[in-house]
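Once you've had a glance at the structure underneath, I'll fire off some questions.
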């Protein structure tokens, strides 16, 4: 009867193994890994961009609207500025605004959404009404109007404006989610244990909203980035010497770069935006699969049978790997 | 049997911890279609006029059909729901707390184990978190880390999750149903309560694990002098585990008394139905033939409950009176505190003190009628 | 209070709050329409024009916000949206009425089509998780991350030209007069193709993704397994059991998205010179045209509320369970 | 049906249709010619419907008037009264005759409705008798002649029925011009030639005015030939426009008597120092501004030291400045500065007080040509050690900052008129002066104070003889060159893009009979001069 | 074995693949005879549901069938291996031959379709020639069979109580006259009265229609009462199989024995309840030898090392029972 120790030992040993698996799972999804890599690239570029740019992005030269060359990798503008340097230096503003606005909007939507979802009474009702009012008002025009109210727009103010106006959708989603969570037994159980309300909201409810919060955050970042760029593009925010991809597009469009045939001026910034968006959505995949056990396919959706066929794993038709009798039942 | 008899006699003397008096809970239901403009608001009468007492060192079982309001009673007692009417007394003092400090003070003394162990543990937190919180909230975590560690270990050991370090850092989904249930119990015990409201703590477990949990509760009751409310569908376990059994039907208490008496000599026709329906491997032959004669039919709607006795549409002994008048509790003299809310015992009321024949015979009549 | 009354009260409140906000937001904008008209027309208008313009627009600097507000409501109830500054002295109602059908037709229809196609693709992707259609998702997200205007401009640069089938802009051939004849409709459709495709490409990904995720979630519900166990045809299981239930959250998302029709695709209208509401809004912002802005916001507000109401109804129709809130 | 015949017509055989485009976005049916926001004015089709009394050509010094509805006009010596003789045999498009009554009524309308009187001309008494109309004014109208000549005339029998002419959208415009409104859509307005026009039948039978949403769309339309006449800023016109059909695609942007340039806030030290401003004028690279900022054509370069655009302003330039060009002279500028108390610390210019010289310029963020100009100026200033910053702010904030004097420098324009008076008045009129912080001004944004300049402006406007005017104008130029309150870089324009593929007879450098802008009054003159290309 | 309906041979079912796999069902052999109720009991997590879903190939991902055969004997004598069926064959086979009632009836009905829709669509799928009228009639008939009035056909699932939903599922399961009905804990959440009602009706129907039932539950007393034979599972394997009465009176495997001594009896004298010491095995790290040996009071040498094989014990020759335990050597 010395065997029970065997039973005991195995799970104990399994604990660190499990923890490791959990942390690596995120990377295990190839989509998320690619997204993470791309995102890291953009963030690094945001930090070091202005230092590694070959030229001062605003500096004029005599090379007017020149096609890409060794000296100017992405050609030049009508003022002889280096497009590549503008792109590289502009990354910072884009990332800053995107992340900052994302954080602001996420925090606001958490505050409003979760609170109005968990609490009841007039306060909660008016919070929910508030978010509905914000939903009704179209965000982009509102942002355009507010930014045109501001005498001067820096990255931070743009981020603030975007963040302060784009939280409502998230709040609504979170509220709906919270409503379904708040009568869950474990929340009631925490209450019955004697937890304080704010602790219940922060420690019992919010962790269960991680998936929603995360995808919401990423969605807001994408929205913020496109908004910032759109604002710059329509000339609402091209302030200072602060370059961002939208400013590049603004100038390119103002000078009708495409009609002039200066594709190098217009195309790269747009592609950069698309890539950033893709990086974020790929990250989103990873987070989905990470947080929601249902989406977790262990990365595999196809299996190989013993006789070499590939079968898709799917609900309703369990794949059969091997047939018939095996000689050795062990 | 003797043991339970001894306890029963002790019950008169042991201290009442928690007492419900005329507890009532109505859930509002949303109006449908054309009712929108009418004034009448509809409610689910989940619990109606329920009175019970929980005493120190005693287990009270609450059985009844599904949807009869057992869980609602437990949640009302835990002050998780606002009650519609009635009173809850803790040590004789009426309490009504919704949240805040007073609620926490109350929750320290009255703890609840939720029906579903899969739902009542937060999937994102480890066992350690759950238990630590329970200890910290009620200032039982001690001052240092070691104190806390020791307290956690003690808790886990108490619910037989040994060795503690094997379970302490696990997430709920890494535990089996029985283990979760025991974590939930440990959490409730973390507050060191005086009363424990255990809502079907074993319903999802296989018999061997079920037994382990029940033995643990009994042990706790005896060692810590807890007052326990044990809600279950498993009447057999009520017989084994509880000192006192109360039967609910459609939001009302229909019978109550000493467990052995209630399970062996059920008085109320519903209880009889319940006991008869319980599967019994020893009596395979005896059944099978008589299924048809059993009172069948649907459980009543709680929105428009039947007038009079709520069981009357299904009752094999239904009388005119049952259809109109709500039966009060009638004492039945065959066991300590045995009562039933049934007009069958109305006549016995006058004579109940003098002899047990009235109820006894009616009991016999009911049973023989069934098995004939 | 009954549920329906509560809903109605809620909608009325939201409408009131949104309209009030719409009233005040433009008014706190610095500068005024006259100044902005002057700065916009750089040199084409002399400084002397200022006074006459103030008089013309009837802008009384001494009238308090509150009395303007009261007046505004009075006008609203009379169905009078005031005179546009940009197109002075045209009625705002007329200006909007002229742009609205275009937006409704282009953006409305594409939003609906995008929703339908996206939902269908998402259904398939979720149903056949891991098949090729699933691989479509990164591609569509890539496309959807591209700002509308960029895609539109590239499309214009690549696909339009003197000999191209696709016109570069406008709602219809410049020589035509709007009428319900085939020539006009054909031309309108032809002009709307490119912007429509742009919107479709950019907006479909969201629907695909959310529908896919819902499908994956629903596909593991017991009743779907039961449907398989019942031996129902695959299509019936996919459509009648999985997609039917997965659709529910998307329906409310769709209702919400209707509100973004005007605001969200403003850039498409600008880029394609499309004579719709979005472009009008953009003009209104540029010229501080409060009456016009308020009129457009009013339309947006009302249509979003209406869409939400319809979504509520649709939800009730689609989901027989009475939702228990709170 | 109508459309197919039309679209075919513009491409084959001899043309009957002229396609005009403006980048103003969709229009709402609004044919009120008085209101600046109306479609009629924005798209320019009012010019084909309503006619002025006199056709005034602002780019042709010397002979710049052509009789139109008025056959004769006579000013009193002090320019406080004018008598128009109205052409006979002119009918409105509804067949009724145009009389002096109509003319008088039009001016009365302006006098009695300040909202319609955009030019703020101070009319006093207005009377008609026979075919003569007499207008009286409160002050001399010498510098405002153009505004009166150009006034279009509306029919009394229609306009007197309007209760509120200012908010009237005139669904059925009746004019004396050669065209009448055929159809209106938000995109395109079509006018067709009518019978019975006093000036004979035009070759152009139909004109379509199309509104494109923005410059880009307008440019594309021009490049593809969809639009044959427009006024729009085209960056790199060579690549985007003219190269598509070098033979036919033309643009002509002659200067008008209005300017653009760097307004300097003369109340902020050390910019109150005229030597500093003059030094700046010596280093600004007007060629770069013209070629890079204005795409080599849009706002013509102004390089006369007086800031007066040529050739339009040629006759007004004082003999002493006739040939004085503003040329780049960095060394000279530095010398001027160091001679007048400024010093250099390395490359950095210090003012007489020893502080580094900087200037904060502002510009509306979307105005790419102004921004480009300022970037160039910033670069130029660096050459003489001045640190300039270019702050791009939104239009409203910019408007407010300019209004209250909260800036160091900014690109801006001046008014234009029939003499350089408007330019100098916008820059130097002491009557318009308001201190920094006070808003609501209509000129003198640089806060320039010089009683001599104000006096010269007044005497120019009110002089009763040519000699006094010339003296005043010369004095103004002297003061301007001495104090250089604004660095004038470019002229306002009255040009346009047009195609000679279907129509010829457009004005150009040689045949400069009218400014080429389709929305100006002279557009009618041009339309009447057009001939089908095939016919020639 | 001419009357066999279903033969399960050496069935292995895993969750996940390769080294990650959890072997939830190991080498299970079972025979289900015509008209018989076979009870399946065992510790929670022992693989009962997995077995039931596995043999119908309804196991959701990441479940896979690692090996084995499930032979179905059709009425006309043909046999088919369910594991080798194509998707189309499976679809045809399902419900018409084998119906299944899932663990939670609450979630088995689609909340957005009416009961009538859900009952008729399965009839239509398997009998495309039927008319809507006949389908509806059949649905009414089945509801009547399980004691639900026909007017409930137009109800949505949420308008029915849990017990009614359960009965709807049972009615639906019988709609196509299947030869085999699998029921996974159909009554756990219900009180005993309703539970008895449902089971009583089922047994009655079984006698009339002659289908076989695979009945999974924790409730041993219920099993003993309602089933003909009982199989006990432990750690993914069947450890004992015997007629119900035999198991109840005289269980051979120590685990079965432990189970039977763990439930309290409602009637008669109070019994001593012993329970089973220790905790269930970890499926990822199964003990060697007999999976039960760490908890077995009677474990001896071979238990810890060698896996006992399921077979007819020597001591019980001739009886229809098998056991996998070293205490009872097999033939």
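Going by the order they are written in, the chains are A, B, C, D and E; count residues from 1 in each one.
Convention: a contact is a pair of C-beta atoms (placed from the backbone, for glycine too) under 8 Å apart; a residue touches a chain by one contact, two chains touch by 3 or more.
If you're wondering where the values come from, they're calculated on a predicted model, not measured in any experiment.
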Quiz item: Stepping chain to touching chain, what's the minimum from subunit D to subunit E?
Solution: 2
Quiz prompt | Winner on C-beta contact pairs when B-E is weighed against A-B | solution = B-E
Quiz item: Comparing centres built from CA atoms, which chain ends up most distant from subunit B?
Solution: D
Exercise. Could you grab the centroid distance between subunit C and subunit E? Build each centroid from C-alpha atoms only and quote it in angstrom.
Key: 54
Self-check item: Rounded Å distance, subunit A centre to subunit C centre (Cα mean)
Solution: 24
Self-check item: Distance from subunit E to subunit A - Cα centre to Cα centre, in angstrom
Solution: 46
Quiz item: Using mean CA coordinates as chain centres, what's the subunit B-subunit D distance in Å?
Solution: 91
Quiz prompt | Multi-chain contact residues (two or more partners), subunit C | solution = 29-30, 156, 220, 225, 227-229, 270, 322
Quiz item: Residues of subunit E that touch two or more other chains: which are they?
Solution: 58, 60, 87, 90, 279
Practice problem: For subunit D, jot down the residues that touch at least 2 other chains. | Solution: 220, 395-397, 400
Quiz item: Which bits of subunit E are touching subunit B when the two form their complex?
Solution: 41-45, 147, 161-164, 188-197, 200, 203-204, 218-222, 224-226, 245, 248, 258-259, 262-268, 270, 273, 275-276, 279-280
Quiz item: Which part of subunit C faces subunit D closely enough to touch in the complex?
Solution: 29-31, 35-43, 45-53, 55-56, 83-90, 94-95, 98-99, 156, 160-162, 168-178, 183, 269-270, 273-275, 279-280, 283, 286, 288
Practice problem: Note which residues of subunit C are touching subunit E in the complex, please. | Solution: 220-223, 225-234, 236, 240-241, 244-245, 318-322
Quiz prompt | For the subunit A and subunit B complex, residues of the former touching the latter | solution = 8, 11-12, 15, 18, 184-197, 203-204, 207-208, 210
Practice problem: Could you please specify the touching residues of subunit B with respect to subunit E in the complex? | Solution: 1, 64-67, 176-179, 203-212, 215, 233, 235-237, 239-241, 263-264, 273-275, 277-284, 287-288, 291, 294, 296, 298-299
